[in-house]
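The next block holds one structure in the form of structure tokens; read it before the comments.
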Amino acid sequence: MTDIVRADGRAVDELRPVTIERGWSKQAEGSALISFGDTRVLCTASFTNGVPRWLTGKGRGWITAEYAMLPRSTNDRNDRESVKGRIGGRTHEISRLIGRALRAVVDTKALGENTIVIDCDVLQADGGTRTAAITGAYVALADAVAWGREKKFIGQKSQVLFDSVSAVSVGIIDGTPMLDLAYVEDVRAETDMNVVVTGRGLFVEVQGTAEGAPFDKRELDQLLELGVDGCGQLRDLQTTALEADR
Amino acid sequence: MTDIVRADGRAVDELRPVTIERGWSKQAEGSALISFGDTRVLCTASFTNGVPRWLTGKGRGWITAEYAMLPRSTNDRNDRESVKGRIGGRTHEISRLIGRALRAVVDTKALGENTIVIDCDVLQADGGTRTAAITGAYVALADAVAWGREKKFIGQKSQVLFDSVSAVSVGIIDGTPMLDLAYVEDVRAETDMNVVVTGRGLFVEVQGTAEGAPFDKRELDQLLELGVDGCGQLRDLQTTALEADR
Amino acid sequence: MTDIVRADGRAVDELRPVTIERGWSKQAEGSALISFGDTRVLCTASFTNGVPRWLTGKGRGWITAEYAMLPRSTNDRNDRESVKGRIGGRTHEISRLIGRALRAVVDTKALGENTIVIDCDVLQADGGTRTAAITGAYVALADAVAWGREKKFIGQKSQVLFDSVSAVSVGIIDGTPMLDLAYVEDVRAETDMNVVVTGRGLFVEVQGTAEGAPFDKRELDQLLELGVDGCGQLRDLQTTALEADR
Amino acid sequence: MTDIVRADGRAVDELRPVTIERGWSKQAEGSALISFGDTRVLCTASFTNGVPRWLTGKGRGWITAEYAMLPRSTNDRNDRESVKGRIGGRTHEISRLIGRALRAVVDTKALGENTIVIDCDVLQADGGTRTAAITGAYVALADAVAWGREKKFIGQKSQVLFDSVSAVSVGIIDGTPMLDLAYVEDVRAETDMNVVVTGRGLFVEVQGTAEGAPFDKRELDQLLELGVDGCGQLRDLQTTALEADR
Amino acid sequence: MTDIVRADGRAVDELRPVTIERGWSKQAEGSALISFGDTRVLCTASFTNGVPRWLTGKGRGWITAEYAMLPRSTNDRNDRESVKGRIGGRTHEISRLIGRALRAVVDTKALGENTIVIDCDVLQADGGTRTAAITGAYVALADAVAWGREKKFIGQKSQVLFDSVSAVSVGIIDGTPMLDLAYVEDVRAETDMNVVVTGRGLFVEVQGTAEGAPFDKRELDQLLELGVDGCGQLRDLQTTALEADR
Amino acid sequence: MTDIVRADGRAVDELRPVTIERGWSKQAEGSALISFGDTRVLCTASFTNGVPRWLTGKGRGWITAEYAMLPRSTNDRNDRESVKGRIGGRTHEISRLIGRALRAVVDTKALGENTIVIDCDVLQADGGTRTAAITGAYVALADAVAWGREKKFIGQKSQVLFDSVSAVSVGIIDGTPMLDLAYVEDVRAETDMNVVVTGRGLFVEVQGTAEGAPFDKRELDQLLELGVDGCGQLRDLQTTALEADR
């Protein structure tokens, strides 16, 4: 598996260079500008004391997420969804995925009646925007939780985040499973999978799709293994970013 | 695994009663009213000669799908998406899933420049609506392809469908993996997975989500095995339905 | 008038075969799947304790209705109104008509502060969908009222429904007035009329439109007579359906 | 019937004062500002050479109509439909009614491949806006047809308008049938009917609705008679307006 | 500057004939039908006791404005914004401008917790619709304030309007600055400016745009001078209209 | 005027620190990430060969612009316009302003039948977002024009940009005119003005609004002088950025 070299010189099980610019936004309670190679996503976490009306009085918090792409984050310009007056299916789908991924590591009781809205805006897209978004969103979320604790909206001993979460794409190209696909790889992949994994190595989400030929159990296992390894590396990068002074 | 009995008396690896009423609609080129227990989905396939403008002249056909629920298909009435003026994220997501699942077994070159639109309307919902929709949609699709061949829009020897496809939900409840969750089971599941499998037993789509606790590889493997078995049974029911006189 | 035979062999003053499958939905408080020949409409009645805010505290209930067609209920597929993001004029018009027809036989004081929402979804369309919808909706409504009484949301002695209501289309084709037009007749009709009549034979709504040549008083009278007779037959079928055990 | 005097002093079979200001707009090819008492509707007819794409090459013209109310044409201000982003059911319904009424007197073959769009904007509403709109729209339409003939878009001998059309409301108040209801009467009416009648006295549209108690055949006949008489008076006023120099 | 004669015979510093028909609407608390030549705008002011929720309890009132054009107010018919389902940028921009202009002369404390909504509907457009709208809206506003005082919603001594406001367009055509451009002038103007001026001669808004060549300070000064003079004349016409008996 | 010191220590006639990161986007034909202090706007220019259908065959190009804010670019999070399904008035207004500003320095004949779409997305907002957007957009536009020339879509000798353009805000705070207002200053300003000036010092747009008290001619002149000076400094920064190697 190791002899194959990819277009950008990476090994099949190698991530693109990842950078996490924590605290990029001066206004958000938490934020991170994350890059997976040329994919760049600005993640902000907005903390509000209180919850939506339908959740009031239940002693639990609320986490939600929205994903969007700038019109010229891609090779060809896409019309703005605000101009079209409706959100596309792909946008909806990814927003929901990010929200589920984050909620999987949050104890909403410990969060108390507070709301955190995560915004993931893709400034530049080169494949893997949803996985970069999840990985960066966790960093923004962690900082927003810390902010809430500092401002006493969250109890000092409440363990809101009981694990971390990251995500990566994997896929099969010309029969070879590969980690963290760039856009040129993504369009050629026979099978495309996104895995969302906690810091402890458990699955939060597995979404595999046969874009070309259907896949068998052995291929699925290879992809999952690559994905879990990639998420482990991303977890370490998240930890390093969060340990630095903000 | 076999000692546990479910609310409705099923074994953990047992499907709900499945019925496929082929040709339910007098107008559609293909149709099926499918039931997975109390879940009832009307699937129609609309065949049109010609393709959308952006695909014209490429010698390939087009398959797309739309999913929707009647407002009172559920326990509590939901507002109509037409009245709200926008389609929700879940609807979008499932429509896209059904379309991908069907396209995975279609040779669009063999289909020629023809379009088939699949509509899956949930008349009654009791869990597993998307998997029932995919399973019924395949039957409607097969009939629409046969119609197109009869009307000479498709070449007599073209093998448009090179495999069949069906889908089923699986989940972990109180630590036990179970097949084909009814609604009351679905809301209690710690992990929820939908698998879409071809007649030959290959994966088209695997979508597993931790609703409660994240899951590990062993649980994932158990769920996949249950799902593949369930899809095998559904494939046989599809075959029986399609072999009957219409 | 009796010598003319129609395309489907009916006499000019003969209804198509009518079936009313009461209690089709397991979830709705009242429901009926009604057929006028090949026209099939699923009618559900959703009962909620309480009224919209603007009506609160006035001691009166609220009845409203929504009508829609499945995209492939017709010969050619129509785009979904949810996908188009707006409801068409025809849909609006028929929804309002159904609501008015039902409210004409309801004593909203007797209903108390309860809301009943009627949904009429056309599964298959072959002319007369709005009249089948009204006729079936009354059955669903009657069952929802019974449910509300059983659940003690409505007083045991309150007479909520002081009459029944049904509807039928009539039209003039090649100079001959005919009852209950099928689609092939409807498109040829010079004049098209829908009459909504109570069980006691009074008019709730009369909507006559000259599609071709304008019509005179004599023709109008003939149409009204046919319509009143047809509604009388439908009333008897409603009564039979409602007298059966559910 | 003649002893009853109405709030504004009219006899039960008397129209409100009607004025037709023909050619009110400098820009439209035809226009009329019509008043039925305090109800004032600006009707414009926009003539365009050519027809919508779906009608091209069939040798027929196209007539369509749109109705709207200014936000403060009523006693309480209504939100603009443009601001709400959707057109209400009532607006849709009336726009369609006006279009049907006008098309009933137009020979689209004689019109040739030309389009006339009628706009009826209610500047002040005091009951009967839809009937004033139809009556005024006919005048605007007649002038637009004349303009088209003058500009040679329409053949000099083509008889585009083979009849005229007007409309009026009638209703039963406290058991008495009355002509041309003002708003205060309209809200009290047990039965409300709009009749659209050609210059020759034939019906184009009859729309009767029981707002309170259902009505019987005798009441229906009384209303129709009042309506036909009223439309005859309106026809004479249209003729006078159209015979004046523009 | 005085030798140049315009298409309609005016001098460069001359307004078109201005008429203000105060109290045009029977229903609105204040109204004016204003004409600047062939430009005709119906302005209504709707007074409501109370303010939007977000302003409640602050002791201040609220003034807002909406502008729209009838579809055939222009030479070619424009699609209705209600039909398109969205408001265009120009409409939004002008609505906001009118609101700002009026708020500049209103003491919202003195208004108390009352809301006045201004609607400016262009019945006929021939250039300068936004400036006519502002000028007419002030008259409608003044009458609505008087109405509120009469009805005791506003204190008898509260000076709600501490100044008046009017607006006019100016522009440079073939190098010559001109006042109050008609449509044929407007499309030819190199520079187009709208000035909003109080009765005391102070600026509320200055919006100058180079449609053709950019402009210099000297030209800007000439335009401002013309505009201030024009607004002075309009102020006198407003005063005359408001001094007449209503 | 020079003794007053502002919250951030600037002199009244001093710009905030301005940075222009040219070529920030790998995909756009031209791009710049511009900062005016903490205000950061990503400007991209998308070049397409060809023009919209309505402009085809006229030998002229087309420039248009869209402006938007990320939801958490501000102190409090704003709902996304794509989620709300409509674009707000402010967004529309600024998009149109940016488009006009750029078109004022473009010779569309020289551009030929090519389209350039400018996107200005505010990543962080601290006052002056529209002026930063215009200033950055010019840099992105210049690079897109250079790209088009390099790719031979534009003639080698065509002078598409005959001048440069920049913009800055000015305002009066506590009676003192100040340059380039930060957000805390903007909310306190009595008068707020945006000036758009070409490299040669001519006005393209002057938009002054009295937020508090109306202003007089002397104040207007002071603001214009400050604005022209500020734009001169911005022009020099644009030139420096564009002279550097990309």
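Letters A, B, C, D, E and F mark the chains as written, and numbering starts fresh at 1 in each.
Throughout what follows, a contact is a pair of C-beta atoms (placed from the backbone, for glycine too) under 8 Å apart; a residue touches a chain by one contact, two chains touch by 3 or more.
Protein names from UniProt, one per chain: A, B, C, D, E, F = Ribonuclease PH.
These figures come from a predicted structure and were not determined experimentally.
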Number of steps on the shortest touching-chain route linking subunit B (Ribonuclease PH) and subunit D (Ribonuclease PH): 2
Under the touch criterion given at the top, what is the topological distance in steps from subunit B (Ribonuclease PH) to subunit F (Ribonuclease PH)? 2
Mapping subunit C (Ribonuclease PH) onto subunit F (Ribonuclease PH) via their CA atoms needs a rotation, nearest 5 degrees, of 180
Per the C-alpha centroid definition, the whole-Å distance linking subunit B (Ribonuclease PH) and subunit E (Ribonuclease PH) comes out as 59
Centroid spacing, where centroids are CA-atom means, of subunit A (Ribonuclease PH) and subunit F (Ribonuclease PH) in whole angstrom: 33
Euclidean distance of C-alpha centroids - subunit A (Ribonuclease PH) vs subunit C (Ribonuclease PH), Å: 51
Considering subunit A (Ribonuclease PH) alone, which of its residues make contact with at least two other chains? 85-87
Just walk me round the ring: subunit E (Ribonuclease PH), then subunit F (Ribonuclease PH), then whatever comes after, in order. E, F, A, B, C, D
Okay, in this complex, where on subunit F (Ribonuclease PH) does subunit A (Ribonuclease PH) touch? 25-28, 31, 38, 42, 44, 46, 48, 66, 68, 70-75, 77, 80-87, 91, 117, 119, 121, 123-124
Considering the complex alone, what residue numbers of subunit A (Ribonuclease PH) touch subunit B (Ribonuclease PH)? 86-90, 92-93, 95-96, 100, 104, 163, 193, 198, 200, 202-210, 213-217, 220, 224
